[in-house]
Amino acid sequence: MTSLEERLLPSAEPVRLIDQDGVPHDHPSYRLPDRDVLLDGYTQLIKGRRINDQASALVRQGRLAVYPSSHGQEACQVAATMVLREGDWLFPTYRDTVSIMSRGVDPIETLTLLRGDWHSGYDPYARNVAPQSTPLATQLTHAVGVAHAARLKGEDTVVMALCGDGGTSEGDFHEALNFAAVFHAPVVFFIQNNEYAISVPLARQSIAPSLAHKGIGYGVPGERADGNDLAGLLAVLGQAVERARAGEGPQLVEAHTYRVQAHTNADDATRYREDDEVTPWLERDPIKRLEAYLTAQGLLDDAARERAEGAAAQLADQLRDGLMPEPVVDPAELFVHLYTEQTQQMREQAAFLRDELAREEA
Amino acid sequence: MNTFLLPDLGEGLTEAEIVRWLVKVGDVITVDTPIAEVETAKSIVELPSPYAGTVGELHGEPGTTIPVGKPLITIAEAAPAAGFGAEEPPASAETGVQPDQAGEAYREEEQAGSGSVLVGYGTGERPGTGRRRARRPHARTGSVTISGTSLPSRANYAPETASPAPLVISPLVRRLARDAGVDLKALTGSGEGGLIVRRDVERAIAERFEPTAPVVAAAESRTGLAELRREPMSGFRKAAVATLSRSRAEIPEATTWVDVDATPLVELRESLRSAKDSGPGLLALMGRFVVAGLLKYPELNGFVDTERDELVQYDGVNLGLAAQTDRGLVVPAVANAHRLTTRALDGEIRRLTDSARAGRLTPYELSCGTFTLNNYGSFGVDGSAAIINHPQVAILGVGRIIDRPWVVDGELAIRKLTQLSLVFDHRVCDGGTAAAFLRFVADAFENPASAFADL
Amino acid sequence: MTHVKISMAQALNQALRDAMKADDTVLMFGEDVGALGGVFRITDGLTAEFGEDRCFDTPLAEAGIVGMAVGLAMNGMRPVVEMQFDAFGYPAFEQIVSHVAKMRNRTRGRITLPMVIRMPYAGGIGGVEHHSDSSESYYAHTPGLTVVAPATVADAYTLLRKAIEFPDPVVFMEPKKLYWAKEEVDLTEDQPGIGTAVVRREGADATLIAYGPTVPVALEAAEVAAAEGRQLSVVDLRSIVPFDDETVCAAVRRTGRAVVVAEASGFASVSSEIVARVTERCFHSLAAPIRRVTGFDIPYPPPKLEKYQLPGVDRILDAVDDLQWEDS
């Protein structure tokens, strides 16, 4: 293997710095993050788990239309934003609610899409988080555009673009990586490989040795990490972001994780996978292993645990408070945002609906 | 008390079956405690409670089916003085919305029918049928409406004033004008913004007559008087003048009249009046008898075909009635009056009178009459040598009905008297027939029952 | 320059040059637009003048081109992209419809995309399959897009300048058949903006409504009709979205008769929309149904047969003859 290939191909094994039992391991290329970082990460994981579970409950209470959960994938969610600076951008998929909130976007604004009162509820420029949408991988080319614009402006912005294993089959994934490479754009393409695209398993999605191996086709270095190891993810993603920021061009990172729950609340996973496929992954839970490690290191005491739980509980309250009441929707808003200057046709149609509503039985 | 209504679980659910309860009455639970397993179309779903407190009521046994939006479980709120642990639901005042009201409002929104969905609320059944919205008011004179998704809007679409193409309400009306040779550009439309509507074209057709006799103006030198005023004759008046002159010029008419004791007729009319139903009017009753008389003496219900030298009698009566309008006298006719009941005849008379006043009579209505009944009694006079409504052949006038002295059974009495005057075209019959018809009608007025056999 | 006689291709080139000079956030990119100057030379000389950071080639990937433009527009740039032929834009259709059109509405106006997608379209150039499509109906049907269709050299310049300055995304349909048409123009003269139709010719008898490559054909038909004693007015839409209801309806009300002329196949097309909305608004003025002269509902024919597809003077005048003249 040439050194070019070595540079571009991922590690033979996914990078793992803390194993599922909480035991740390050295790695030739990556260092364990600082204790403060890991403690902060722990709190983020606890909060992330609570967000996932609370949101799932809220769907079953009729307060959200749908919730694609990242339960079990919280290490990926949280690592993706912990390695970013304030001016950097995050491009999430519809499953990355926890990631968006961990970037500092208001939780209720984050959930607007899934509650259904509008298509996106937050100001993308407030925290540099692109809006979520349903199409897969299409936002990756937007990520390239944002990154390239930053370069043209002489800024050292890095864009973290999230994608799933299924999304890597889409044409836009291919085009985005190719464009990013050709334009030397500072984008970290972060694939959360949770092994399922609704019901289609990874083996049907790709037979590449790993999804990170795809990078070499574009000249983009790929790396792979254990997606349930927050420490490994922070190290790998952190390095990818640094390289991109240093002008080395786009990076591809694959996290091996698992979608422990169904695609959404409306999916029945028992139709396409056995329970005993899922069970081993429960042992690989990201919170479990980090907690074991931190406790063993004497870094996590009861007070710290309580603080983390308290923060999570507060977040859960915030979600319930924000989502129990019925959202206020104004049909007039349907006609307002299409164009900077409202067209005559928009005005007419708005008037039509106003007239209908005025004649509505009270 | 908070009631958790069965939510729409995003699968087009309209109901769910309770598989088993995970709590029982009296249990103290926290928010998100799983309270039941329900079966949906696809799988079993565990439902977490949105409320904390004590389980008050389970709204169904395992195995029962609960519709979406109906109560599933009721939970008594924890005492307000309890410490606010992380799991307590917030006080309603802060959210401003009662939890079950919120649920109710949410339920109401999801009322439309559809099937299974993977990524959304799904939908439930829509209750009730029929309109839920008041109807939009529509102006009668053909406002400029825009269909589809735009609003009826007049202001934005006012027509250009620089020689626009004429505005016509529909292709059917354009055809009507074209077939009648009416020039649309010469019309002023009565609809909004000058829109030409059907009655504009019909009126133009009705008013389009050429005068046949030239009108000779009297010279001022003849009288030595100044002219008080001079008015051009309207198209309407010219048309009427033409008909009247022609009538007098062509028809050798004769008149015969008789005084009639109309007391029984008036009594008959009153007897038909009740609390619920004002009954047919006098004119309708008179009309009924006249129609019966014409069926008996069809010579008076006809037409003189001078071209062929033939006398035509019609099979049926279109009864013309004189009506005074702002523009002048018009004589619309009740078509097929012989087929109508008295009540129906009354209705038609009223309708035609209204149409006449509104200027909405159709050309057919104005010209189809075969005989005219002229009730000029409202003018306060008794007799009249009326002008026959050419091309009809007779006209029956009825004067005022007033109390007069009369002899009844050899005694003087005050009776309701009226005078009937029949003017007839002497070409169609002799005095005997005319008198017989007149006598028939008079007898019917004086003794309605006697006419019954011929009604 | 003031009065010059230039082709539409040159006018578009000048518009890009002037726009890039006026605003250095304006970028021009696509396939073959750099060194080659574009297969129609519309971007000729721009890379040389402004450098490869401003006018550049991309990999051959239309979805990527439009997607990247979205990102650039999100982060302060004004990208102008070229789809080499409008039919080659179909791979980018998802990006255009799901994101370019929806981004502003999705984010309640926080993200606006000041970008232009230029598409050479329509036929009459003897091109082999897939080079002569008219795809404007798909974009006109997509709420959130502005669709501009110039027909004259002056409008090509002005409307491209205005499209680039426009705060929202514009799909810019360039009638490639007219690229080499020369007109004498004054580029400094301001023309009406996006969303304004213009009456190119007045006439009292009937109104022809056209856009893009059928405008000159309609004008020619009007000339022939005049010689035959019938006066036709001709409306050049200039923009499909926003549609100028007012100008078009005023023109139709003056005559009471109208024919819509467009190359795209007629079923479910922009022409259908024009007939529907003009009929809704001008029904009382109409002496005859509004007729359409459009392409047949077939894939665009091969070069040897394309003349049967294209609306020509005779077909237009046949339609005008059908306007129920016996009824006036």
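The letters A, B and C name the chains in turn, as written, and every chain counts its residues from 1.
One rule holds in what follows: contacts are C-beta pairs under 8 Å (C-beta built on N, C-alpha and C of every residue); 3 or more make two chains touch, one makes a residue touch a chain.
All figures in this text were calculated on a predicted structure; none of them were measured in a lab.
Ranking every chain by how far its Cα centroid lies from the centroid of chain A, the top place goes to B. Put simply, the chain nearest the middle, going by average C-alpha positions, is C. Across the two candidate interfaces, A-B and A-C, the one carrying more C-beta contacts is A-C. As a whole-number value, the distance joining the C-alpha centres of chain B and chain C reads 51 Å.
Each chain gets one centre point, the mean of its Cα atoms, and the points for chain A and chain B are 67 Å apart.
Between the CA-based centres of chain A and chain C the separation comes to 41 Å, rounded to the whole angstrom. Residue positions of chain B touching 2 or more other chains: 150.
For chain C, residues touching at least two other chains, in rising order: 246. Shown for chain A are the residues in touch with two or more other chains, namely 345. The touching residues of chain B, counted against chain A in their complex, run 4-5, 7-11, 31-32, 42-43, 45-48, 50, 86-87, 89-90, 94-97, 99, 102-103, 105-106, 117-122, 132-136, 149-151, 153. Chain C makes touch with chain A in their complex at residues 53, 58-59, 61, 63-64, 66-77, 79, 91, 94-95, 98-99, 102-112, 143-144, 146, 167-168, 195, 241-243, 245-246.
Across the interface of their complex, chain C is touched by residues 118-120, 123-125, 130-131, 133, 135, 138-150, 152-153, 171-172, 175-176, 178-179, 182-183, 333, 336-341, 343-345 of chain A.
Put simply, chain C touches chain B in their complex at residues 204, 246, 249-250, 253-256, 276-277, 280-281, 283-287, 327. Only residues 53-54, 57, 59-63, 65-66, 116, 134, 263-268, 270, 310, 313-314, 316-317, 320-321, 324-326, 345, 348-349, 351-352, 355-356, 359-361 of chain A touch chain B when the two sit together in their complex.
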